[in-house]
Structure formats: C-alpha cells, structure tokens
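Per-chain numbering from 1; labels A, B, C, D and E assigned in written order.
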Amino acid sequence: MTDVMPDPLTLAILLPLFGAIAAFLLPRAAPAIGLGAVVATAAAIAVLGHLVVQAGTIFVPLGGWGAPLGIELRADGLALAMLGLTALIALGVGLGALAAFAGETEVGGQPMARQRAFFWPLCLLLLTGMNGVYLSNDLFNLYVMLEVISLAAVGLAVLGGTVAALRAGLAYMYASLLGALMMLLGVGFVYLQTGRLDLAGLAGAPDSAALSAAFGLMLVGLALKTALFPLHFWLPEAHANATAPASALLSALVVKAGLYILLRLAEAGPFPGEAILTLMGVLGTGAVLWGGVQALRAERLKLLVAWSTVAQMGLIFVALARAGLEGLSDSWRAAALLILAHAVAKAGMFLAAGRIKDVIGHDRISELDRSAVRPALAQLAFALAAISLIGLPPSLGFIGKWSLMEGAMMAGNWHWVAVTMAGTLLSVAYFTRALTGFLRFDRVRAPLDEHRGWALADAPPVVLAGLAVGLGLAAGPILAVLDLGTPFGAIP
Amino acid sequence: MTVLLAFDLLLAASIVGLAAATLLMRDAFAMIVAFIVFGMLLALGWARLVAPDVALAEVAIGAGLSGALLLRTLAHLRGGGLSAQGGASVSAPTNGATQGINALLAGLATCALGLAYLGAPQNVPGLEAHVTDAMPESGVTHPVTAVLLNFRAYDTLMEVVVLLAAVIVVWQVERGLAETPAPALGTVYQGFARVALPVAVIAGGYLLWIGAEAPGGAFQAGAVLGAVAVLGLLSRHVRPAPAHRPLARGTFVAGTAIFALVALGVSGAGRETFEYPPAHAKTLILLIEAMVTVSIAATLAALFHGREPVTVATGKETT
Amino acid sequence: MIALSQATIYGLAGLAVFGLGLMGVLGAAERLRRLIALNLCAAGAGMVLIAAAWRSPPAVPDPVPHALVITGIVVMVSATAVALALIRRLHSLETDTDD
Amino acid sequence: MIDMPLLPLIILMTSLGAAPVLLALPERSARLRTGLNLAVAAVKVALVIWLAWKAAHGVVYDLRLSVLPGLDLHLQADPLALMFVALSAVLWLVTTIYSVGYLERGPHRARFFGFFSLCVAATVGIAMAGNLFTFLLFYELLTLATYPLVIHRGTAAALRAGRIYLIYTLVGGLALLLGTLALWGLAGTTDFVPGGVMAEVAAERPAAAQALFVLLIAALGVKAALVPLHGWLPIAMVAPAPVSALLHAVAVVKAGAFGIIRVVYEVFGIELAQGLGVTGPLIAVAAVTIIYGSLRALAQDDIKVRLAYSTVSQVSYITLGVALAGPVAAIGALAHLIHQGVMKITMFMAAGNLAEGLGVKKVSQMDGVGRAMPGTMAAFSLAALAMIGLPPFAGFVSKWYLAQGGIAAGQDWVIALLLGSSLLNAAYFLPLLHRAWFRDATPEAANAPARRKISLWLAAPPMVTAGFVLVIGVLANAPFSPLEWTRFIVTREFNGGL
Amino acid sequence: MLEIAGTAFMALGALFFVAGTIGLLRFPDVFCRLHALTKADGMGLALVCLSAAIGAPDGGEALRILLIWVFVALASATGGHLVARHARRAGPPVREVRP
C-alpha cells in the first residue's frame, strides 16, 4: 500500500474534510470549493477502485500500528460500491443544490446566501463521515464517524430554519444521539469481553452474555438511527421539513450509514441468532406496512416521500432477515442492492420533489395538477425514481427486490415474498397518488399552451432518477464489484 | 481496603443518586446544578479508577463547560435571569402512563445489561500490553496521550472534526438571535477576572506541555483556555465583532487542518498516514496538540457564545 | 458471590446511570431534561468503559478506554452545544409566533 | 444485404428512442412532431420487413444482456415474434396517421405521442422477448406507458379509469413477477423454448407446476381481459379513440393474449399443459368470457363500451384456440390475433370518426350516419361483418380454423360455442349497421352543431385497415398472408405435427 | 510526626466541610447558606490543602498545592459574591421560616 502516496482510502476521507474547511473559511466560494472537493473525492475513489479490483480487500494500518492497537482502514467491494454511490449522489445533490439555493429571497427561514454558505461545509462533513463509516474497520471509530454524520445531518436538516424544521431537527438530534450512545455502550461491552475494538476481534470471540448485550445495544442503536419501525418516529418530519438537497442527502445517505454498519457487524459477527433475525424481519414488515399506510395518508409530497423511506428501510431489514441465519452470507447481497437502489432513487426523488415545490409554490398532493407553470422534467424525474422504488423492471430497485424474493423463495420463506409484494403494492398506491396529480388538468383554468419547466436545475434529479432505473441493466457489474474481496466469505 | 471499598460504594451510590435526582428535580436550574455536581462526583469516581486524564476532562468539559452551556441556555429561555419566575416555564406535564411504560422498559433493559455485565469476564487483557510495547516509538511518555495523538490519532482527528461540525451548526442555527442581556457582574468579578485569567492561560499552557508525560494534554488545556475565553466573554473583556469572523473561522479550523495536513504529510516513503517519523514524533505531536488546543479553546468559547457575531446596527448580515 | 471489585461497583453504577438516562430520554417531555438525560447516558457508557480499563492495583489501567472516554466527552459536549443552540432558536421562534 | 445482428434492438430502439425526443419537443412544433412520428413509424415497418426477410432466410437473431448471473435480457426474432412485431409495426403506422388527425390542435400532444411511442416500443419488446424475464420488463413498461394515455383527457372520469386500469394491470404485473420468480426458482430458467421448460419440474412437483400455470395465466389474463379479470377494459374507454384502438388491437389486450400463447406453448409446452390437466379449465374460462362479453355488449348503448365488451369476447378466441391444444386450433388462435387486431382497430377508428365528425357516441344516435359518413361507415360495416364471421372476411377464417380445431381436439361443443357467439356478434353489431344505413337521421342530429368535416388524416386509416380485413380474408391462402405465417409457426411449435 | 499532623489537619478540614454542608442544607435562606458555605468551606479547604502540602513529596508539589488554595479561595470568594449579588437583585425573601 505504500507505493501510492498518500493512500486513496485516507484521501477519500480527508479530501472532503479539507473541502469542508475551505468552504467554511471562504463562504462566498463555497459552491465551487464544494463541487471541486466532491470531484476530487470521486477521483480518489476511482483510484481506490482500481486498487481494489486488482488486489481485492485493502487494509491500511493508520500510523503504521495496525490492529488491534491502531486503527485500520479497510476497503473491499461493498465499501467501494457504497463509496462510489455516495460520491455520485453527492455530486448530483450538489449540482441540484446550486439551483436550490440560488437567488436571494428569504422564504420563511434562513436567507438563501446563508443557506448556500452553510450547505457546503455541512455536506462535505457529511461526506467525510459517510466515507469514514464505509472504510472503517474499528468499532469505536464507527461511533465517532456516526457522530460526525449526526451533527452534519442535523445541521442540514435545520438548514431551512423554519420552526417545523427545527422541531423535527431537535427530535432527530435526540434520536440520533441516543442511538450513538447505545452503540458506544455496546462498544464498551465488546471491549469488556474481547479487549479489542477492531471488527476482526469479534470474529473469534466466543458467544457470551456480554457480547449478546453488546450486539443487542448496537442493534437497537443502529435501528434507531436507520429508523426501523417502531423507532422511525423522528424520520418523516425531519426529512420532510428539510430543504430539498438536505432531504436528499438525509434520506439517500445518512440512514444508510446505520444499515452499512449492521451489514459489517453481520459480516464480522457471531451474529445474533435466528430469533433476532426474525424479529428484524417482523419489524421490517411493520415498517413496510406502516410506512406504506402513512404514505397513503400523507398530505404533502415530501412527507409522502419521507414515509416511503421508512417503508423502504423496512424492506431492507426484511432482505437481511429473509434467508435466515445460514443464508445470511447470501442475503446481504440483496440488502446491498436495495441500499444502493434506494439511495440513488431517493436522492433523485427528493430533489425532484423540491423542484416541484419550488416551481408551483406548494407540495400539497390534493392540489397538484398540470398548472400553467409546471416542472415537467422534475415530474419525470419523480416518476422515474418512483419506478425504481416500486421495483418495476428494469430498475435497480427491481433487481434488488428480485434478489430478495429469489433468495426468500429458495429458502422456502414465502412469507417474506408476500411482505415484499405487499410493500410493492402499497408503494404503487402511494406513488400513484402523486403521479396522478402530475397528470390531471381538469381543474386548470390557465391557457393550455403551457410553459414547460425547463431549467438546468432539473438535470440532477433527472439524471439521478434515470440512473436509478438504468443501473438495473448494470446489475451484473455492480454485483461483481460487491463481491470484490469477498465480503461475507466465498461466493456460493 | 474495606474502608476504601465502602467509600467506593458510597461514591457510586451518590453518583447514581445524583443522576436520579437530576432527572427528578422540578426546577430546571436545580436540575442543571445537580447535573454539574453529578459531573464532579463522576470525576471523583474516575479518579478512584485511576483515570486522572478522564477525570480532568470530565470536570473541565463534561461538567464545567456543559454546565455553563446549559445555564446560558436556561438564562436565554427565561429571558435573561436564571430564576424560575422570569420568562417561560421549561417544565411541561408528561403522560404518566407512557412514562411509566418507558421507565419500566428502560429498567428491564438496564437489569439485563447489569446481568450481562456481571457475567462478563473480569480483567480480560485489553490493549495495555500493546500500548506498553509501542510506547518507546510513540514520541511521548504518557500512555493516554500516546493513544490519543498517535495510536488512535485518527479517532482524535475525527473528534476535532465533530467539534468543528458543532460550531458550524451552531453558527448556522443561531442567526440574528436577540442577544441575551449579559448579567452585569460587578467590579469584584472584574477584579477576579483580571487576576485569574492570565494565570489560567498559564495553567492551560502547562497542562498542554505536561500532557506528553503526565495527565493532561490538548483537550484539558483547550477546555481551560476555553473557560478563560468564556470568563472573558462574561466580563466583556472579549467582545466578538463581525470583523473577528474570518479570524474566528480560521481558529476553529486550524487544529483540524494542521492535524490532517501533518497526518497526510508524514505519509509516503514507506510510511502510512499518521505514521510520524520517530525522530520528529514528539515535535509533531506537540505541534498538533498546540493547534488543537487553540482550536478547542476557541470552539468551546464560540459554542458558549452561540451567535456568529453580526453587525447589530442594521440587523442585516453579510456572509 | 461475585468479587466486589472497584470495577464492578463503578461499572454497575455506570449501567444504572445509563438506565436512568434512558428512562429520562424516553419519559421526559422537556427539551432540556431530555438533553441532560442523554448526557447521563453518555456518562454511564463512559463509566462502563473506564471500569473495563481498571486493573487491580499493582498493574496500571489500560489507557485505551481512557482515551476513548475523553473522545466521548468532547463529542458529547459538541452534541450538547448543538442541541442547546436548537433549543434556544426554537424558543425564540416559538415565543415570537405565540405572541 | 448486409448482416445486422442488432436488428431486433434497432427495431426496438426506433420507437423507444423516439419517445424521449417526442416528449421533449415543444408543444408548438407540430409539423416536426408529425414528420418525426411518421418517419419513425415508416422506418419501423421497413425494418420489420427486412427482419422478416432475413429471418425467413434462416438468419437467427439472438441478443442477450446479462443482468444477474444466469438471468439475461434476451431479444430474439422467432416467427411468432415476427408475426406480432409486424402486426404492431403496421398498425402503429396507421394509428399514428389517425392520431395526428385526431389530436389536431388538442392539448398535450407532445406527451401523447411520446407515450404512444413508448407504448409501441413496449409492445415490440413483448413480441421479441426471448424469456419471461424480458417479457415481464416490457409488460410493465407497457402498463406505465399506457397509463398516461388512458388518462390523457385529464378529467375526473379519466383519472378514475386510469386508477382502476393501473390497479388491475400492476397487480397483474406483480403476479407475473411472482410467477417469473417461481419459474426461475423451479425450472432454473425463464427462457421461451418451443416445447417448454417445465417437463422435469412437472414430473417431480406437479402441484407446483399447476399452481405456476394458474398464477401465470391469471397474471396475463388481466391484460387479456379474461373474465373475471376484465373489469378495467370497459372503463378504460374514456381514453381518446386512437388509444382505445391501439389498446384493443395490438398493445395491451394482445400483449396478454400473446403472453398466454408464450406461456402455454413455450414455457409449459402444450402436451405438458394437457398432461397437467390445466387446459380444460382454461377452455372453460375462455368459453365463459366469450359468451359473457357478448352478452354484456348487447346491453351497451355507448358505442365504444359495446366495442370494448366485444373485445373481451373476441380476444378469448385466442385463449380458446391455444387451450384446445391442437395444431388446427392453434392456427385459428394465432390468425385471430392478427385478424381481430385489424378488425377492431378499424371499428375503433371509425367510432372515433363518428364522435369527431358527428358527435355521435351512442348507438341510439346512429340513425342515418351511413349517409353522413359513407366511407367511415363502410369500413365499420366491413369490419363488423368480418367480426361476426361472414365469409370470406378475416373473422371467418379464424373462426373456421377454431371450429376445425375443436373437432380435431374432440371438443365438438366448440362449434356450438362459436355459433352462439357469432349469433350474439350479429345481435350486437347488426342493429348498428341497420341504424346507420337504413334509418333516416333525426332532424336534430342532422342539424347538430357538432357536425364538422373530418380530415383525410382521420378518414383514410379506417378505410385502409378495412381493406386489410378484406385482403387477409380473401387471400388467406396466398404466400406471406397471416394465415400462412401462422401455419409456419404452428408447424414449428408442434414439431411438424400438422 | 508530620504524618500525624497531616491526618489531623485533614480530619479537621473534613469537619469544616461537614459543618458547611449542614449549614447549606439547614439554613433558611440564600444569604445564611452562603455564609455557612463560604466561611466553613474556605477554612476546610485551607486545612485540607495544608494537610496535602505537608504530605507532598517535594517543594514544587507543595507550591502547586498552595497555588490551588489561592485560586480556589479567590474563585469561591468571587462566586459567593456573585451569588449574593444575584440573590439580592432577584429579591427572594431574606428569611423564610421552614415548617
């Protein structure tokens, strides 16, 4: 690893950090610095990708100490896929943010110039934290990274400065903090039992009460952070009331950090038994149903999208649970695909929802129509993202659901297939509410020769949503990347 | 030995009792005071467990600065004063049933954790042997500092990043907030500040320097210096103005930036990131610690002050 | 009978503090009280870690958990500051709109 | 001629690629849009002819893109695919011409033609799908592309119809997804192979195979409007006339019927299906649907709803022919796929002309329309007579083969069914013709303000397709007629057992 | 000898602290409590510091302990002053009779 200097793993974490510092120091140039930093990070990730493809899993012992004394960074296919996806989404959302925070008008909350200046440092810190989580191989480091993410995410959630956003942001802060502290206590229990902090230390540890307590704590904490039903209470308001680019980052990326750590724990584990897995599946089912029903009842577009996040998170938990203990080495792939699919689609969808709200001035679903001024492209992006989230072919979401159901069926777990189907039906129902609204014009009195909402700002959501659909065709290569370095052992 | 054990039992019981009392206090001011006292006792407990660094950090940051932050917020909520009769009440009725169920669940979970704790093996060898082995190459002689600034320097960098994130978010949130009229503290306090602040600055520097070989270090020193700045803010010796903003921003990021730059800078030629050349390890660690101390002090003071300084005259701000 | 060492005493006390904090977070309605309850949780987790680091007297304690807890304390004060800023901002917005 | 292995993909991309361009074109550039539409449709017909030519000369087209390990997106051009592609390409050209006239100065033409194009792309994909997985992909795309067309008018009624349509078809799509998954899980492949892929599974787990058959047929039956899954079709009549024409003649309903053909012949294999005992119930469902649709059609006053119920009835002829499980019946079924398409599209376009030109939307208003619009009504009448099954028109040919097939399969009652159905056809179509030709227009209708001259764009297409009806009936035995082509296909499916 | 003196000072100091604490808990109003606390604790602190300084290994250590005493005394005096000032401004009853 010493031939490349400095190593791309550290760069993937530190480049956004330097970007955040620069953007904080020079608020006026923040957008340019931010985009530059994201591109630079993407370049580092590309180099990293090259190395991973060549060498499989890469470890970097920071400080030269190596685990267990020092902290190691670890990059394999799963991490690489997440890194690449995160960079992609950050780029898309960043470009979307250029437009979202343009202008000088103050809309109820913070003035735009200020939001523009503060979005970038926070976004880049978030990126630092996310990349740090993906590359981390150390439990305590994961906790610290989660806190970096938490604070940046809270800052993003309250960027708009409205009372609703602040209230939701505070509730989010508390939930996130509690989750992190549970994780911390869990780390304490792990240390009590094994005397080590690196994930590899978990692998050889014998089953014991302390480790069970540790896993229990970490599971609950991470479930709280990923808004697993019934610990989802904070998510809908926080995601719905943030400004669109912030919502996109929160929904697409932040919740994935917890899921990713869960995957890594499952990989390193002695993972808790069948009962816990089943419980995760049951709670995931609850999330799928409850999130779906609430999305059906939501009155605002962004709230609908936020509730759909709850439902989709539930589906990912079902994916983890679906094959039972012995199938875990396989089911993580479905979960990873669903994570990727949801991230891209949700980023595009929130950006699109934000554009729609910006152009027509509100996002009440019952009053959506084909008004004279309409954001046609944003609506197209919303529809494309919905296709992926519903899981219609050939989208990436479809591939994820296909792998989930295929595995569940092979394992004879038809109930998980039924849950997936039910979730799909619910998502059809709630997204149709919005899509129907885009197409109706029986109430429009304005002249029909409409102005089509062309704007450069529509490009990021359209591209992201298009990718969410189109990446399904690249599922083969994506799976190949995920299997690099064979996380979860050999390919069956 | 049994006397000490009894003392430990008493102290532990007081810590738990104070934690309970903190939550049960009806008045918010009393609650915060109880929390600060809890922090003091906790530090004592940590001293008993031979963790002086942690005890120092807890007193300075956990109890001290957190307490100051809490009190400042309470003053804001109550319209300038700390007594309950001024301004809005902070207590709200709670749903008894929900509270009961939650408490029950939390209690059960705690009992389960307690059982797991008792079931855990005692004195599992941790990483102390590794630390002892690596100490000669670490550049410092105090193990905690070695862990913080060398073995697990990456964590520490990220911890400073968390502080940076906090101050960014606080500045972002608190825009144009009406300034709470600072309490007039009178001449006695001013006199005290004149004497105490320079000495405290020296104490901070001492803590930083001694950290290499004895309990102390960047965080404790930063906390002391931060407290100096807080006292300065209170006594109006320090008055943040819009013109200070670039300087303030620079100070906030200096620690993080230098830390990360050093980490990257030492890499290459066969060395990993964060792998200081043995000959310069102590110098580099001291450099990092010094910058981090300054940043921590400034950041903590800014967290206490809250608002980003803006031109008050027009109420308009320029970013 | 479990040997009642210092570590056990403070570890159990830490768990109790964590549990109390948990109750407080779940049960309290006021913002400040919940925040303090979260701080109690952090303190409890820290106590468990420090207890895990303790070794019977001739041996010195494990310095790694000490470093972790210092990190935890700093992280917690950052989070507290952010939460307090949110509370202050919310309070002024709410009193503005209520009046 | 140069060899182009990507030809199927190019044919698919002509309409798939045109869709975003059409969507993006500004509303005002009507000429450009019309030109592009017609050009693409014409190019497509030409390409399909080329493809058919090459395929007939033994060139095998087989395109694969691996999506998941072992799971490919697979396009191919077997004779069955070619038949359906040709049908859709030709009828798309005609319908495009008709739509240009129909939507002249109407709102949201960009959207309409964009999704129209997408819809045809989906149909082509369905036709050329080489496995059930690919079929599923385009099946869902078809649902999504037709939804905006169904609710094109944007009224509350249209939205309601669209919602019902979407619920039916998406649930059907989910069932198909489940069925595809189950097929993948059971047989380890989703490929369409003449003779089927389920033989081993059926030998080991007959119950599972039966359940899979029911699931797949039910999933496809939603679009094929098998009773009781037909509920969406009459309601979807609120769509503009060209959409209805397309939905009934080529796209949605036929996609379902085509899927049933694929599943019965190339997933299960006809002998296996018979062996599993699942064809009997399918025949029963088809028979019930035929009678039920006809009976409901009798009672409808709205012309388009009457036509819709007629479709419910007529499309089930295809299912019936498939389920009868003999080569002769299969020829009838495949021929009817084409014949019914041509006949029904004529009738819908003619009905659209009546509504556009005379404001006539109900049967009771049809008095004397024959004299007001002789060309349109002539086309309508020709198609109606063919539909009833009068020789020598197209409908007669397919019904003849179905009846023969019934006898060959030992199911003589099929003749009675066909006779009864034809009588019902006559009962609901002849009154229309009677009113149109032999009654005088009511005075208020004659002076109705809605009366306007319809353009050639509208008038010509139904007459052209009516010409097709005549030609493919009369020249049924000529080389390259649909009937000959279906004979060729059936020979292949039944391993030359004709 | 020195050891005995140190222990005696320590015990005496603890006594002062106890007295101060009893005063804090039992006295009726802010000013009385403040009186008990500042006076008694100041004395207690001085004695404890003295005891610790006697036990210190070298002069430097003793000097540092002395410095601690000086600054804590200064701080507690200032703190007491501030509390009294605040209490007088806030104006709660000077003496309330506890039931």
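In the analysis below, a residue touches a chain if its C-beta (ideal position, glycine included) is under 8 Å from a C-beta of that chain, and two chains touch if they have at least 3 such contacts.
This structure is a prediction, so every number in the text was calculated from the model and none was measured.
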Third chains touching both subunit D and subunit C: A
Count of contact steps on the shortest path from subunit A to subunit E: 2
Most remote chain, CA-based centroid, reference being subunit D: E
B-E against B-C, pair bridged by the larger set of C-beta contacts: B-C
Central chain (by mean CA position): A
Whole-Å gap between the CA centroids of subunit D and subunit E: 96
Rounded Å distance, subunit A centre to subunit B centre (Cα mean): 31
Euclidean distance of C-alpha centroids - subunit A vs subunit D, Å: 43
Whole-Å separation of chain centres (CA-atom averages), subunit A against subunit C: 28
Multi-chain contact sites of subunit A, meaning residues that touch two or more partners: 140, 144, 147, 151, 154-155, 158, 161, 166, 185, 189, 191-192, 195, 197
Of all residues in subunit C, the ones touching two or more other chains: 18, 22, 31, 35, 44, 48, 52, 62, 64-65, 68, 71, 75, 78-79, 82, 86-87, 89
Touching two or more other chains - residue numbers and ranges from subunit B: 113, 117, 126-127, 131, 151-152, 155, 159, 162, 165-166, 169, 173
Chain-to-chain touches, reported pairwise for every pair that qualifies: A-B, A-C, A-D, B-C, B-E
Interface residues, subunit D side, partner subunit A - complex: 23, 26-28, 65-69, 73, 107-108, 133, 136-137, 140-141, 144, 148, 151, 154-156, 159, 162-163, 166-167, 170-171, 173-174, 177-178, 181-182, 184-185
Residue ranges of subunit A in contact with subunit D within the complex: 370, 380, 387, 392-394, 399, 402-403, 405-406, 409-410, 417, 421, 424-425, 428, 432, 436, 439-442, 448-450, 452, 472-473, 475-476, 479
Touching residues (chain side subunit C, partner subunit A) in the complex: 18, 22, 25, 31, 34-35, 38, 41-42, 44-45, 48-49, 52, 62, 64-65, 68, 71-72, 75, 78-79, 82-83, 86-87, 89-90, 93-94, 97
For the subunit B and subunit E complex, residues of the former touching the latter: 81-83, 183, 185-186, 188-189, 192, 195-196, 199
Of subunit A, residues touching subunit B in the complex: 1-2, 5-7, 10-11, 14, 17-18, 20-21, 24-25, 27-28, 60-65, 68-71, 110, 113-114, 117-118, 121-122, 125, 128, 132, 140-141, 144-145, 147-148, 151-152, 154-155, 158-159, 161, 166, 185, 189, 191-197, 208-210, 212-213, 216-217
